[in-house]
């Protein structure tokens, strides 16, 4: 080892190197030192520039992902009628079952580590007996101007061509910037490896990937259901109408009050487009300009 | 490792005798060779560990023979045109023909042995996609009219069952390349679940 | 005079020549802490981030505070020495090196803090593979790596002559110096090239340094979170960084001065001057903080107010007022008086400032996350021993590497000091002459 | 020196490399973290990958009996969804129904018949075969019959309807014991009794809430938990927003601000348990101002004069004194109800928890009658039963004929006292079918003592609940996704609805349908018992009953061939008749007068004069009314072992995996209690320690606690989570009828100093 190092060091022996060059050409007497420094510097700087410019190359790829086809793609949206909703929690459990959302357990629940893709948000005001309270189911709002998408450093979350704010589990590095940036706190992090007992593993839905520890997960508008129904229809040559999608996501399907409606916002005749025009319609935190694709209906507006 | 890197003394002597400039150059190439050997070794080791060519299927199934008999892929891999998975045929499928002895393959009677014991043939699934990838055979075969061989290689000429993944060479880039070529969306949600 | 200089260089070379028991003792203690931190980190990787105190919606905890803190400290060196070099402040000469080392190491640990904070550290390369330019984190990655590269070069360039001296004198690990000195022999031409290189780097590094901390503030400011979404965050963070950086530097200087006996080199005047700079920064910090809270409180937006009230009179009441009083006001009072700008005064102020600034980072991140815009969930945060251990490990590793640097390389730039001693007086006289009103000389006649 | 340094460096390098290696290896999960390897499926072979099937069945998570469709992939049940066609729930399914999968795949299910191998409650079990288990029981039963002690066998049954209940009844009948104890009666009893006295119908009422314009909930848990379940949520949402141009008003009179109150248009705070006074106060206004439905009263009711005589006491002022509702509100509600017809007043099991439960149920029914909302669109409906073919009457042998017809108790809550006293006779064997008295009954400690007196206790529970844990033999039943069963939903839609429950997956473990076990048991007992059970298994007996529906050749499935009928029944999962026929008063009223009776001739029970419910406990010592809440997730404790429900928790209070005592913030402030602190809740029957949740919707003199937690057994997810409020309830025997009220206890609360019990 020592000898090896010795010989390696010899390469940089200044005297010898200078002698070497002196013997061949006396003009470059002081060249080597300068050149080496310059070379090293140039190398370092080019490294720096590579660092700066490599990501830029990916912008091209990024733009390609949003291919602009001629066919108008649907833009999925959801309308939740709070006058109908009784906050029974059917949507919450249905979502859990459909999307393999892990159970936190008593200890982790105490530490506020629970994951709900669909959660019920509660607000309360007033004193007995003039109390007012409201519960509202809140999935990911799938904002058109999503604060979470802008901040993801690796493109693990993006807005799909059909308007779904998607999370690609396999790319997520778990920096939790998106969870922090989301003004609705509708993104969840796998603090620990999700645990299923051997028996509960039977229940896992094969259409939805399970998430490993350390990644962020969120509502997907049950896009696997959309894909499934669409493939089925395409192969069987059927046309899909708004009816097929109206109660498609697991939460909408489960809702006993049918308070959740789903559909294509680009289709002016769809139920969601119709409901969205209702005077009762409002969005959560409209003033932030996130432009959510989840619309709420309520006769008296929810105080924010 | 450290000892391995020691210079052989004879070489060092030679190096000392010859001029420095030349010696330096020789030494560099010597390091280069060493590096190539080490790197090559590492790569070989990794690829050896990585490849799982050790799978032995329970029955030496002859694809070529079956195709020659006029069968199609879909005859056994029944769900190719109907579902997401191509599916490995079950024993019932085999017994449609093989309830009586056919041909002369020494593995062929095994089918009936399994049937007698009431067991399924424990085929080992080698083609697997990661759990977060959605790949529908139906869509690619029926809608895109792809040929099985495009991913699975020439099974028609194969006389033995698959022992290693044939789709291992498929990377996400390859999927996306093809999608781009045929003007299919490369939206992440198209294939990720 | 020659003799004094020689004793100075001898003192700088002492740790390079031999390692005393103090070095070993310090190393063992520090490495013990580092080992403990590594153990905690291995646990964290095995169990996931669930082992920390973070939760929903408190997705960022003290790791992120450490990140901002370390990046802040990093502004100690390069920026200060670059600014001082560009402005040709002659008193800078003995302090540049120890400042620049802080920069390089703090940047490394800043970057490490982010990686520690990741849920999937194994996928960290995704940032390069799939980087998205829209994300402030990517800006950070770019800026910090540029800054790190730049600072290493900027640390390295002035080190070359010193390495050549060591190589020629045959002190310490000559083999290493032979490689690193790049055949520098101190000829006029080499010197000229080196000077111009350093000059270019000094100019280049200033905007990069400012960009880094601005971009760090963008991580918070570009989100919609209450009390983060503020235009003032960029300059606020830059000032905060310089502030904590100088404080860090003063502590390092005091330790070096004490342990190497360099009272004759790192003089009281250095502390005094840096103290004044620190005081200036302190005043700007107080001004900014006042500014931010006044605007937030008078704006009276409910979501922001709930965060502000959290700090002012809520759960973080003690930390907040502790930070304001002991982190900002007390140091300002100490530094305001010439007597307070003694070594002891400066160190006291610096320690207070460092703790205060760490709290400031903590109080930027945590209270905002405990009060989200929507009424539920309300967050709470109690860091676990894992987080504290890893934090302690990072700090210990930082100090250890700093000691190690002093062990291998001269921590005070010997040639610069020497050069300064030889050139400074004529140089300064020359320069001062240039400032003089033209007519004055004529009037003399 | 140099050597030293190098080795140190090497050491550091090695250490660093090890650390890196360690961290990297632990980072990557073994295998594919995105798809989790599932355990092999038992049974069905030849399931190809991705094989998917939807099986129609019926939910059993609550008595509502919604139609469900279960998605099975490769033989595993993966998702339960509501059956879109079933008119009961129209595709909707509540959180409990969705969680059914966790009943099936509960890791702590009993997988084999078990026999106790240590002393009771030691938790030592020995696996036995089914034959062993059945013969062991039949040995004991035979001995009972031989010794003329057949009546000393008791069956506690937790289902109120269906063939399996009929099968148990038949078994008891032929065996010769009158002790078939329906444990559901304690919660539904008051309303059933009220229905019986007014209309001669021994069933719960159904409500046509979809078509009502005005709904007054008298303490009912329309959206909390009712046996009408999803039906209420669906129909009332429809009434509120489902039909263009129509908008029903929902008024909730209740003691606390419940889920129902939140979703109602108006909440009227009422003193706990005084809904009868409120209903009669409204009736007073209706009668006084002659706003009632005169036509209906004249044609189809009996003893209206007696009612109008009696109701004179219930002036709005008097009612205010009792209920705390201002007179103007009472008058307004009466006017609104009279004007916005159809209007209904709804009571359910949540209303009748107090000692005057029977009175509450009766006054609500009377109010409906005055409004003319009986058997009318948008009113109270009489649930019609599906036309099942009854089994042939069994022949009884001399043993069965000569045993006493006196039940050991007419109320399950009083069972332990009778057992302990051996009065009227001791109990020798107890069979527990879907009942868990050691948890679910008031003050379950009493049952603990009673259990010690019973030589043989057999449990049929698929879970190790508290009672099974204390039993001698456990013969685990299939869960509802593995068995055949018929489902007659709790009254909701009115028209006959019949749901079939069929195995969605092959049974996972060595469990057995209890119906099959009864039949086998009967066979092993021989004689007339054997002949009374001529079927090979339960499915056969069930199909015999279903053939009655086939023979009517009406309703949603009409098929010529019985096979065809059955296959389409299994495919649809339910059968229902066409429309409900309204205003069939002459047919439905089974009273002696044939009319709606304001004054019952059938029962000797009259109007009681009490206006307020009875509370146990002195007000000075125990200042708080202790109210119980049945949350939608657990109702009375059957869902605590399902993590999905635990994780859903109390939706509006955001409490999970624990039970809380809800208390008014001001009261708490006065007592110096903060949110989430532990308090000691004490009644004269005992005390528990529980965390506090401040909630402004609770009156100052009331504390509220949810049922469902506090199991000491029942698997890993239920055990030790929360507290069971029934532990501190006082058994109050003063109420009329057979009702032992759940809410009749007053408590005091004490802050626990330093978080520890001051005891």
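Chains here go by letter, A, B, C and D, matching the order in which they are written, and residues are numbered from 1 within each.
Everything below uses one rule, namely that a contact is a pair of C-beta atoms (placed from the backbone, for glycine too) under 8 Å apart; a residue touches a chain by one contact, two chains touch by 3 or more.
Note that the structure is predicted; figures quoted are calculated from it, not measured.
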item: Identifier of the chain whose CA centre is least distant from the whole-structure CA centre; value: A
item: Chain whose mean Cα position lies farthest from chain C; value: D
item: Result of counting contacting C-beta pairs for A-D and A-B, higher pair; value: A-D
item: Computed distance of Cα centres, chain C from chain B, in Å; value: 52
item: Chain centre separation (chain A, chain B; CA means) in Å; value: 33
item: CA centroid of chain A to CA centroid of chain D, Å; value: 41
item: Whole-Å gap between the CA centroids of chain B and chain D; value: 56
item: Per-residue multi-chain contacts in chain A, two or more chains; value: 1, 114, 122, 169-170, 193, 209-210, 212-213
item: Contacts with two or more other chains, residues of chain D listed in rising order; value: 33-36, 50, 654
item: Residue numbers of chain C (touch at least two other chains); value: 120-121, 376-377
item: Touching residues on chain D, where the partner in the complex is chain A; value: 2, 6, 29, 33-39, 41, 50, 73-74, 76-82, 89-95, 97-99, 101-102, 105-107, 109, 223, 230, 233-234, 236-238, 240-242, 257, 259, 262-263, 267, 269, 632-633, 643-649, 651-654, 656-658, 664-666, 696-700, 721
item: Contacting residues of chain A [partner chain B, same complex]; value: 1, 3-4, 7, 11, 16, 20, 64-65, 67, 69, 158, 160-162, 164, 166, 168-170, 207-210, 220, 223-224, 227, 231, 234-235
item: List of chain C residues in touch with chain A within their complex; value: 47-50, 53-60, 114, 117-121, 123-124, 126-138, 141-142, 145-146, 149-150, 152-153, 160, 175, 178-179, 181-185, 187, 189-190, 193-194, 197, 219, 222-225, 369, 372-377, 379-380
item: In the complex, chain A residues that touch chain C; value: 5-6, 8-9, 12-14, 17-18, 30, 32-34, 36-37, 40-41, 44, 47-48, 51-52, 54-56, 58-59, 62, 108, 111-114, 121-123, 138, 147, 150-156, 171-177, 179-181, 183-185, 188-193, 212-216, 284-285, 288, 290
item: Residues of chain B touching chain A in the complex; value: 2, 5-7, 12, 20-21, 24, 27, 130-132, 134, 136, 138-139, 142-143, 180, 185-190, 192-193
